[in-house]
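Please go over the structures that come below.
Next come two complexes, and both contain subunit A; in the first it sits with subunit B, in the second with subunit C.
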Partner chain A sequence: MEMIELSIDNKVLRVKKGTTILKAARKVGIEIPTLCHMELHNMNIENKPGSCRVCVVEVDGRRNLAPACITEVTPGMVVNTHTVRVLNARKTIVELLISDHPYDCLVCAKSGNCDLQSIAHKFGIRRVHFKGEKSTYRKDTSPSIIRDVDKCIMCRRCEMMCNEVQTVGALSAVNRGFISVVAPAFEMNLEQSSCTYCGQCVSVCPTGALTEVDSTNKVLLALMDKSKTVIVQTAPSVRAALGEEFGLPAGTLVTGKMVAALRRIGFKYVFDTDFAADLTIMEEGTELLGRLKAHLAGESNAKLPILTSCCPGWVNFMEHNFPDLLHIPSTAKSPQQMFGAIAKTYFADLIGVKRQDLVVVSVMPCLAKKYECQRDEFKVDGNPDVDFSISTRELADLIKQSNIDFLNLPDEDFDTPLGESTGASVIFGNTGGVIEAACRTAYELYTGKKLDVIEFESLRGKEGIRSAKLDFDGLTLNIGIAHGLSNARKLLDDVRAGKSDYHAIEIMACVGGCIAGGGQPYHHGDSKILRQRRNAIYREDKNKTIRKSHENPYIIQLYKDFLGQPCGQKSHELLHTVYYDKSREEITIHHD
Partner chain B sequence: METPVNKPKQLRIALRNCGMLDPENIAESIVRDAYQALGKVLKEYSPQECINILKQSGLRGRGGAGFPTGLKWEIASKSKSDQKYVVCNADEGDPGAFMDRSILEGDPHSVLEAMAICGYCIGADKGLIYIRAEYPLAIKRLKIAISQAMEWGLLGKNILGSGFNFEIKLCYGAGAFVCGEETALIHSMEGKRGEPTNKPPFPATSGFMKKPTNVNNVETFANIAPIILKGPEWFSSIGTKNSKGTKVFALAGKINHVGLIEVPMGTSLREIIYEIGGGIKENKKFKAVQTGGPSGGCLTEKHLDTPIDYENLIAAGSMMGSGGMIVMDENDCMVSVAKFYLDFIVGESCGKCTPCRIGNKRLYEILERITQGKGVMKDLDKLKNLSYIIKDTALCGLGQTSPNPVFSTLENFYDEYYEHVVEKKCRAGHCKNLFHYVINEELCVGCAACKRCCPVHAITGEKRKPHYIDSNICIRCNECIEKCSFDAISIQLEPKILV
Partner chain C sequence: MVPKLICDDEMADVHAPATSDKDSLKVTIKLSVEKINAINRICASYDNDPEELISVLHETQNTLGYLPAEVQEIIAHNLKISAAHVYGVVTFYSYFTMVPKGDHPISVCMGTACYVRGAEKILDELKKELNINIGETTPDQRFSISCLRCVGACGLAPVMMVGEKVYGRVSPNDVRKILEEYREDNCEECKPTQQL
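== the complex of A and B ==
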């Protein structure tokens, strides 16, 4: 590799050819400020349009200032990162951005997490010398995501996420000049676009331009209502990230404290979505084996590969982009919805509460879950199985509002019966986790043998598309795994073209899986945080005594007392769903 | 003996055939030597030899920046790739400019031929013309020209039996000024948003569909065939030391003969304005000429005798641009001129980078304040500083040159800015907030003609008695002055204190 010698702020260094000034400077401890640039290291995600111009530096012999994030080093380059010329330009750029920004930091959802706010603070901006018109745009509220484009600084991170990482194509820059905005095609609302509500745009937005729909007030109102019994379920990834909101290092497991906090907030029963994840494995695993057996028996209508269906962002993506393949995903509902269905039937009967008086709240790392719980097919007489879905961030807000000293809480256990779970359900949070959990169960049910090694290491990893061959006692099972919707699209294109030889495919909309979901604490472009969360999930699995879904005693009990057989009639009524073709939704163009 | 009087002022190279032939009939072009150069290149020269001829000729890009064309082709020819492209930039967007349009409408084969020569030199077999959809006649004639050239075997497979293939397709632009910037143009052709990206990579290494692409302007291409046929020495004998050949300008504004002209590089502004252009309209006093389009600058009386070439224009605070030339007289307010161009830029910026998207808007707003008489001295410093930062930090050529109208008017007409700000006066009588109409009581006979025509009822007065104009209501439409038969109404430049 060709090495290039240059100097940055009088420090001489040698870096590989092709390195940008920004990355070269980091090697010698010089942190050039950036705003639009964002990189998730080792995850192949980088946004560098070079558009904000905050990172400009002075290069000897160059006519104008150079953007450090996209300018590659050249031999003998002399770079100065903090001359008066540079500082003046940088401050002016940030002042310009602020001059076209609403001054409502005090009431902004992103306050404290806003990159524009931090950079204004860092640069010591106390006055904005430019006053003038501000670009304004209509607010756009969808079931999951709110667009407040007035706060957009055109960093294009959301666009990169939506188009390159997810290939959803819901957001891109439109219009020219001062009135340029990032918007869906034809300036429609998000709801009319092909948005999957994966929320990856929200998780990278540096300002309050993209935020989640806040349901905390609805939850608080339900909690205050004496006629309601309010119960809560928490998804596996929440416990691996919630601590970050209270200053704990990324990857700290706060399961016990989270349960204690929820109880103090006022939830009557604190349950675990993991329980429903075990249930999902029973249903999905059984469905897989059923289809596999049909396939092996040579039945022509056997539908393989089977696709996992627990990720609502992915389900939306499929409904929009692969309506011809709607017959192949597992019909099993997601754990969130399975939990709701069981809570409002089995559990409501158990405690003698009417469906209408039971309020189910879910805490999710995900924004698509907000949309999912509002889908019509998950309602009975207009009453949803899951009433409100809040994100990990919203839960942190609720805890803070409830005057709870989170860090000093004792560890408490989930309630029974819907709070008991296995290690298999915990790993749902990581890419490859669902299929690993399914294989733990499917293997034992299919072969009748005990697994020697519970971990399927071949299914773990961080590559966007992975495949593994598993030996089911002589039967080779081809497993595919994709996370990030661009990778999912590749696998699905193969399936559509008949080129796929997978028996089962796990798909997660977000790169990394639920631990990196759109509702998680903001990572600010630090991929170490995501890695720590991932490790925490596997640690939680290891700590569990029961690590296979079909061994969960409360699941066994549930089938015995209520459901009967996996994929039986009752299961089909309560735990399975159908998918809809959303590809030809009528397009209505909004006029202001 | 050659004297300045009988020296030919105009010399047509790029426009050599415009108006001389029927552009919809290839035979007429061929009579006038079309495709001779292509034949010569294919038969006699290797690609590098042809590139060397261009390098010797000293031809520089006519799109504005003036990059040496031969060098550009050489870089593209040295890029290794299985596929390369030749792109013709026909996205002429400067207000009032129509040089490229005339060439495409009047002599399309000159461009097609040159693109094929370029394809041969750089190793491309595909050409694309990015043309604005607002040029329907040019599009029609290009289409006819392409199909006729294909029929005659001058484009397509195995051209003139040489084994060289070249085909040309059209791409339509939606009329975005920024798409004249080559990276934005390429993105637009790819179906993406027309916005620039950082250079490097230059299109010569990674352009259309990430393949090496050579982008030249229409006028540049129109110069190629004559260079091949007449030789580089002929071409380089025309012009100045570093700017060879001719340049087409679109002469507009307060000048007697408006229209396209083509003059050798080095011609002075005085020759263009007073000899070719016939002088200023109504014999008014020359004030400035704006060159280089919205991102150019204003040249003043002191530049009248400067020979026009790439370097001199930049030294004078303007640029060649694509060749717009707008002449202004004493009735033009230079602050308003700067404001006009900023308004254009604010609307045409792609909106990608902060300094261009927001900075230019703020520049415009400051200028607007000044023209409204609300400016303060600090605004002049702000204008200068912000202009400097936009130039220093903007992403593409459009952004980096967008404050040029401000720089050059501040530099050359500081006294006008000063008057607007301190004396609240617009000497050109252009800024509506800075003058008002008064009725001379001694001359007014009270005929009420002004009162009747005033669209906002700002004029009051009894019949046969002197009338009065309320400046607070008046919208300065000038209607009353034109209606008054007694010259009783006049413009007073000092602003009236408005309540």
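== the complex of A and C ==
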């Protein structure tokens, strides 16, 4: 590998050919400020359109300033990163960006988490010298995501996520010059577009241009309504990230404090989505075994591979892009919806509360869950199984609004019966986790033997597409795993083309799985945070005494008292769903 | 009286409820079989290569006269790219238009030479005569106005084009006379340029 010697701020260094000034500078501890640039290491995600120009540096012998994020080093290059010329240019650039930005930081949803705000602060900008026209564009609200492109700085991170990482193709830069915006095709609303609500655009947006629909006030109103019993469920990934909102290091598990906080906010019962994840495994695992046995018996209509259906962003993606394959995903509802269905039937009866007086709130690392809980098929006479879904960030806001000293809370336990869960359900938060949980149960149910080693290391990892062969007592099970929708698309294209020999495939819309969901605390491009959350999830699994879903005593009780058996009549009514063809194009020929 | 919670997040309340109604998401493409076939042929002639998007758009616009949303949807489908991407390209280049041009598209050169020699006055005169703005088409579909930058005839500035015909050293007084040539009764080769 050819090495290149250069100097940055009088420090001489040697770096590989092709390195940018930005990355070379980092090697010697010089942090050049960036705004549009974002890199998520280990994920092959890098956005460097070189559009914001905040990273400009002075290069000896070069007439203009060079954008450090896209300028590669050359032999003998002499770079200075904080000359008067550079400092002035940066300030002017940021002032120009701000001059076409609403001055509403005090009431902006992104305040405190905005990269533009922090860079303005960092550069010590105290006034804006430029006054001129401001962009105005209509606000666009969908069930999950709000677009306020007046706050867009055209960094194109959302576009990169939507098109390259997710291949959803809902967003593109349209028009030209001052009037250009990032928008769906034909500037339709997000809701009419192919958007899956995965929320990855929100998680990388540096400003308040893309934010989630905030339901915290609706939750507060329900909590204050004396006629309602309000209960809450929390997804596995929330406990591995919530602490970040209170200054704890990434990867700190705050399960006990989270439960205590929810109780203090006023939820009558604090339950766990993990319970429903165990239930999902019972249903999905049984379905897998059923289809597998049919396949082994040579039945021609055996539908394999079976696809996991826990992830609502992925379900949306499938409905939009693979309407011809809607028969292969598991019909099992997601844990969020299974929880809602059980809460508003079994649990409502148990405590003697009428369905319409029971309010189910879910705390999710996800924005697509907001859309999912509003789907018509998850309502009974207009009353949704899950009333409101809030993100991890919204929960942090609720805790702060309720005057709770989170860091000094005691650890408390979930309520029973819908709060008991196993290690299998916790790992739903990581890529590969759902299928590992399913295999822990499917193996024991299929072979009748106890698993020696509970961890299926071959299913873990961070590669976008992974495959593993598992030995089920002589039967080889081919497992596929994809996370990130571009990877899901590749696996599904193979299935469509008949080139796939997988028996089961797990798909998660977000790269890394739910721990990196669109509703999690902002990572600001730091992929170490995601790794630490991932490790925390596996730690939580290890700490559990019961680590296989079918051994959850409350799940066993639920089947005995209420559901009967997995994939039985009652399960089908309450725990399974259908999918719709939502492909956008419909060519109806018109004779004109 | 029960005190009310102040909720200022108006945005949170205005969104339409989610729907599983699949029909609301459909884009209905209303085009004749001939037009759909023509678009498919153009895409196929470029091997449905997404890298050839601009060429495909050029040729499609030359054939159909404009690039409405439906046409962009079909191109996106054939080239396996998102409709948002196609729309992004169409709206980036001023050459592409989503409204049908008139039978006689008029272009006024706004290059430096033409501009300093009074192109803007010609444009004003055209707008007044036809009662439309730049980028628009007359209700009878006969004329549309657009601007371009330099046709390479700077010696004849100011220059305007009607269809493929170039008019040089145009004065605002000439505008009405030029348009007369294309009025229905006078126009010799008057047949729609849109073949399909």
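Throughout what follows, the second predicted complex is superposed on the first by the 583 of 592 C-alpha atoms of A that agree within 3 Å, B and C clash if a C-alpha of one lies under 4 Å from a C-alpha of the other, contacts with A are read in each partner's own complex, and residues count from 1 in each chain.
As a working rule, a residue touches a chain if its C-beta (ideal position, glycine included) is under 8 Å from a C-beta of that chain, and two chains touch if they have at least 3 such contacts.
Predicted, not measured: the structure shown is a model, and the values here were computed from it.
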item: Partner chain in contact with A:T71 - subunit B first, subunit C second, else both or neither; value: first
item: Which of subunit B and subunit C A:G29 touches, first, second, both or neither; value: neither
item: Partner chain(s) touched by A:N175 [first = subunit B, second = subunit C, both, neither]; value: both
item: Touched partner set for A:S51, first subunit B, second subunit C, both or neither; value: first
item: First (subunit B), second (subunit C), both or neither touched by A:E377; value: second
item: Touched partner set for A:G498, first subunit B, second subunit C, both or neither; value: neither
item: Touched partner set for A:T92, first subunit B, second subunit C, both or neither; value: first
item: More subunit A residues in contact [subunit B versus subunit C]; value: C
item: Overlapping contact positions on subunit A, where the subunit C interface meets the subunit B interface; value: 172-176, 180
item: Subunit C partner contacts - residues on subunit A that touch it in the complex; value: 139, 141-143, 146, 163, 168-176, 180, 183-187, 191-194, 213-215, 217-218, 220-221, 224, 371, 374-377, 580-582, 584-592
item: Sites on subunit B touched by subunit A in the complex; value: 176, 178, 193, 195, 197-198, 200, 345-355, 357-362, 365, 382, 385-386, 389, 391-395, 400
item: Subunit A partner contacts - residues on subunit C that touch it in the complex; value: 5, 7, 9, 11-12, 14-22, 24-33, 36, 69, 72-74, 76-77, 81-88, 91-94
item: Complex contact set, residues of subunit A against subunit B; value: 49-54, 56, 64-65, 67, 70-72, 85, 88-89, 92-93, 96-97, 99-100, 129-130, 132-133, 153-154, 172-180
